[in-house]
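Both complexes below contain subunit A, partnered by subunit B and then by subunit C.
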Partner chain A sequence: MTDQRVDDLVREATRMRYSRRGIMKRASALGLSAAAANAAVIQSGKAAPKRGQAPSVRQNRTISILAGTYFVPEAQEFFDQQATEWGTQLGVTVQTDYINWPDIQARIAAAVEGGSGPDVIEMRDVWPNLYFENMVPVDDLANAVGESYGGYFDWVTSSVAVDGKWFSVPVGASSAAFAYRMSYFQEAGLADPKVFPATWDELFAIGANLKEMGKPLGQALGQSTGDPPGFAYAYMWANGAMEREEDGKTIAFNTPEFVEGMQKFVDAWPLAFDDTGLAWDDSANNRAFLSDQIAATINGSSIYIEAQKAKRGASTADYEVVVDPADIWHATLPAGPSGPFVQLGSWSYAAMTYSPEQEAALEFITWWTERDHFVPWLEAQQGYIIPMGPGLTDLEVFTGDPALAPYATVAEIARNKGYAGPADQKAAQVSSLYIITNTFAEAIQSGDAQAAIENGAAQLQRIYGR
Partner chain B sequence: MVGSNTFRLRLLQLYLPLAFYAVFLLFPFAWMLIVSFKPANDLLDTTINPFLLYGFTFDHYRYLFEETDFLRWTLNTFIVTVGATILSLVCSILIGYALGRLRFRGGNTMGVIIFLAYLVPPTLLFIPLAQVVTRFNLYGEYWSLIFTYPTFLIPFAGWLLMGYFRTIPIELEQAAMVDGATRLRAMWTIIMPLALPGILSAGIFCFTLGWNEFLYALVFMSTGTMKTMPVGVVSDLIRADVLFYGSLMAAGILGSVPVAIAYSFFVDHYISGLTAGATKG
Partner chain C sequence: MSVLPIEAPARPVERAKPTGMGRILDREAPLAYLLMFPGLFILALFMAYPFGLGVYLSMTDKYVGFANYDFIGFDNFRYLFQDTIFQRTVRNTFVYSFFTVPFKLVLGMGLALVLNNHFHFSRFMRAGLLLPWIVPTAISSLAWLMLYDSVLSPFSILFKNWGLIDSNINFLGSQYNAMAALCLANVWRGVPFFAVSILAGLQAVPPDLHEAAALDGASAWRRFRDVTLPVIRNIVLISTLFSVIWTFADFQLVYVLTKGGPANSTHVFGTYAYQLMGFSDLGTAAAVSVSMFPILAVFAVVLLRYVRAED
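Up next is the complex of A and B:
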């Protein structure tokens, strides 16, 4: 009797394209036992493969993978090759699509509502918290990947795991550090050009000299998703404030230390920074740095990589890169009264529940995150992507060039958005409204640090206090 | 004022405002053109006047054609836009005629409701439309956009044509029907030729909106080479925090050409179509 009901459920699941979770729900509704439900999942081909287990071979399958357009074109081509290689081995046609990464969310929203779309999606930062109901649970796989790479950094777990459960497998993230011109800093008074100012106060002081030289500090503070929050969150934490306490509700934004720190920043802005930074997006500071307009900026390693490319005549930028990479050095962000911090959120790969090819999607993620495939991909990123755990930070790509070393080491002092709470939906909302970044912009424009922070705190209260 | 014989008055009240307006409207295009031809090393040189060309290069256009699928995106955009425009025009003509010509209970209310549909932002509408597109298995197909673009094209075009049909004297149609023409024949042979300016302006409106549309194209048709120009350009010419400004501007200029051509051919009809009924009580 049960076998017949399992067979019926398998037929229904195939016809209706049920996900693994959908089959389990339907099995429960039909009153099937857990064993029978599992049997239906397996017979429907929806069971997640175990890491190291030989993938099933079923021909004529097609999966599509959606990711953000890579900064390093060679790495994108390499990923395509890997996907093709895996597909050829298993008889699966793999289609990779790359779009401007902020646009991925619109695709995800349409896909989950329509119940159709890419089988595998590259999630950024806090997105798993938004879409986990449509992502296949991958606890076993994510835990196995974490174990094989020495565990995950806390900020990775905080931004990718949802209430302690994994719905996507972390793969690391683009990092953030200060890129600066050693020659200009030395001229401005830095004794050792490879030892960056240890505190924000020291940096502001040197920044004033740099601005007098016509090469100020550059900080993007427009409503952009990368560099502006990369500074704003870090500076906030360094000055004794955070969005909320561990309870997730108590706002810890309006603190005397932060008001004092913000006022220092407001005072330093006209003296040490490029005034146009208020309108800069993620790309503006790259251009300003590489065209010799500024002496330092917070950024991923893209500035350095682009300068190297330009030096060997392979620049893909559509403007002239005039900075010699030998003059570029990197440093972790300076410390405030509470210490040095950096804001990072991990990227991760998810198989989607609406996909009729969940099994193949999971097989691909499993295969790709194995060391033999994942490490070469990480290396192809030329240091632009840092790994999700400490076990990979000793790779040649992170240690071979000392100039790039800070990008991997900042992982140790990184926090997630929403800290001291998790990077949940509310943190994602705060991020998408640019509340933290806007507080800095408002403080600069009004000159009133206290009022800007009070305004920011009120906005945070409306979101986190619900 | 316009017919004033005093040159000073005409200068102050006509030519200067017009010149200001023209500069205001054309500045983005001039800027795109300048940047698209500007050599790479001039793009960020703050020591030179950014509004002038000190050198000249086709590199940005070359990159667009050789390193991206720009021509394919253009073809995709053309197919989708023409398809959606034809479909929208057919529906809008029927809607406009029915609401403008026929008297039936709830006609006016329906006219308002159709126009209100235009006010629903695509950012809300794409969610339920995604379910429709999925149900009909249209993802990644031209039809996904040809069928969804009319959701924002028909309301305005239908409203526009409704107003235009009302400006055509009903006696012409009645005379044809007295002579034995059916309503459809009277509509086709008498009303349609007279409504051509309105239909053309609605068509240009549909073409322009369809050509520039981004969100639906992004979520319903952006796999492989099946991308429209707005989506393809953003996907391939923005790499993380690196934007290819020169090529983006080149794409912007080239993308404007078909719309500019459409307008230049039909500008007189377009103006008369848009202003029809403006002074009729």
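Up next is the complex of A and C:
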């Protein structure tokens, strides 16, 4: 009797495209035992394969992988080669699709609502909290990957896991640090060009000198997902504010310290910053830096990597790179009254439940996150992606070049979006609507820090209080 | 002598009485419905159904990727009416539409009047005029994005080389500049539509009317006002209606150039709905889109009634 009910449930799950959770719920509603429910999950192909298990993918299949465009093009080519290599071994055709970062979520939305799209998706930051119902549960695989790399950093777990469960496998993330021109900073009054201003106040002061020299600080504050929030969240935390308290509901955004800190930033903007920054996305500040328009900007290590390539005569930029990498140094973000912080959220790879090729998708993620394949990919990133666990931080790619050292150490001062609450669905929504970033942009435009923060707090209240 | 046979008088051809389907199709009304059916079917499938679904979703708390959601009536609209970004979006959309359309109309009409004359290369010019209209907007928007680039804008480079400016022009990094930049690109893209539509209307103006008016001593302005304008009036009104609707619902240009920024200061309905939808809040996104409908419906009804009344 029970077997028949399990068979019926498997058929229903296949027809209705139930997720693992959906099957469990339905099994519960049907009064099936836990063992029977598990059997239905396995028979429906919703269980993640075990790490190290022999590939069991059927031949002549196609899977597609959606990811954000790489800022290190060589790594993108390397990933393509890896995907092809895996596909050739198993007789699976792998298609990779790289799109602009701000457009990834719209593509995911269309896929999950239409029930068709990429089989594997590179999730960013807290996105698993938005789409977990459409992602194949991968507890076993994610735990195995974590164990093999010495566990996950807290910032990884807090951004990717959904209520303690894994629906995607973390792979690390691009990090954030100040890339700056040592020569310009020295000329502007920095005593030791390798010791960056320790506080935001000091940076703003030296930024005023830099702007007088015609080489201001550059900060992207457009509606984009990388560098603008990389600054805005960190500056907010450094100035004694958070989106919310630990209870997840009480807004802690409109604090006197933050208003004061914001006013300092607003005052510093015309004096120390390139004022076109309000329109910059994640790549505009790279262009500005490498075209010698600015002296410093918050970024991943892609600026440095591109400058090195240009020096070798191998630049892939569609503009002239005129900056010598020997003049570039990096520093962690300065401190405010509450200390220094950096916003970090891990990227992760998910197999999607709507995919008819879940098995192949999971096999690929399993294969790719094995040390033999994942470490070379990290190395191809040339330090742009920092790893998800401490077991990989001693790789030569992270320790070999002292100029890149700050990128691997920022994990110690990292917080997740939504802090001090969890990185949940609402934190993802706040991030997606650029509320924190836009508070800064609005303050600059209006000149009124208090009003901009009040407006931002009201928007946070409408989401976190909903 | 041959005698020509006398032809029998021709008998009127008797038409076979239509039967069955033929009889039905012989009547105007069923034939009309039959011919309209493919169009209606396509409209229902690709326009009415998505619109109905959009209206329904706007009254739910549906999130992308979550199977369970509830019907919440007008809560999303209440939320939006208190949402400062939505208020800004409405204002922006009106500014964007009602500021650009008059420019497009005037410039388009001027261009049409010029091109209605024959001169060297006038055919070539007419064809070239259509370029901004036929180039996919996403591509022309990217061209504008390069022109407005904060680092590599050719305008900034040129003016700096001429010593006119010290730092790059902040095209998209301030709210007023960004909106002006959007309007300029929109006018550039929209002028050809007016020009071509009005040019078609101008070709329908009988030349003898102009000649008669000229003989009566009417000035060029009087001839334009009293002869040309009445003939092309309906074309102008319909073109204006279309242009307002398209501009109101614009997405590509704004998304490519500003994504609604800086600080939401250039969001229009389309970009704000996209931002909400892409970032999972499907119910509210649908409510933003549906909010456009009554405004456009009122505008369309008023304009079309005016056109019919004048007929």
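Annotations
In this section, the second predicted complex is superposed on the first by the 417 of 466 C-alpha atoms of A that agree within 3 Å, B and C clash if a C-alpha of one lies under 4 Å from a C-alpha of the other, contacts with A are read in each partner's own complex, and residues count from 1 in each chain.
Convention: a contact is a pair of C-beta atoms (placed from the backbone, for glycine too) under 8 Å apart; a residue touches a chain by one contact, two chains touch by 3 or more.
Computed from a prediction, not measured in an experiment: that's the story for all the values here.
With the C-alpha superposition on subunit A as described, subunit C and subunit B clash in the combined arrangement. In the superposed model, A:Y98 lies in contact with subunit B only, and not with subunit C.
Within the superposed three-chain model, A:D227 lies in touch with subunit B and out of touch with subunit C [touch as defined at top]. In the superposition on chain A, A:T62 contacts neither subunit B nor subunit C.
Contact with subunit C, but none with subunit B, is seen for A:A279 once the two complexes are overlaid on the shared chain. In the superposition on chain A, A:Q89 makes contact with neither subunit B nor subunit C.
Of the two partner chains placed by superposition, subunit B and subunit C are both touched by A:Q293. In the superposition on chain A, contact is made by A:A109 with both subunit B and subunit C.
Contacts of A:F71 after superposition on the shared chain: subunit B is touched, whereas subunit C is not.
The superposed model built on chain A shows that, among 76-84, 130-138, 202-210 or 256-264, the segment of subunit C colliding with subunit B is 130-138.
On subunit A, the patch touched by subunit B and the patch touched by subunit C overlap at residues 103, 106, 109, 113, 287-288, 291, 293, 319. For subunit A in complex with subunit B, the touching residues are 64, 68-71, 73, 95, 97-101, 103, 106-107, 109-111, 113-117, 174, 226-227, 282-283, 286-288, 291, 293, 299-300, 302, 306, 316-320, 322, 384. Note for the complex: subunit A touches subunit C at residues 22, 102-103, 105-106, 108-109, 112-113, 130-134, 214, 221-224, 274-281, 284, 287-288, 291, 293, 319, 425, 428-429, 432-434, 438, 441-442, 445, 455, 458-459, 462.
Residues 63-67, 79, 82-85, 149-152, 166-168, 170-175, 178, 258-265, 274-282 of subunit C are the ones that touch subunit A when the two sit in their complex.
Interface residues of subunit B facing subunit A in the complex, by the touch rule stated above, are 40-41, 43-46, 59-60, 63, 126-128, 130-135, 139, 215, 218-220, 222-224, 231, 234-236, 238-247.
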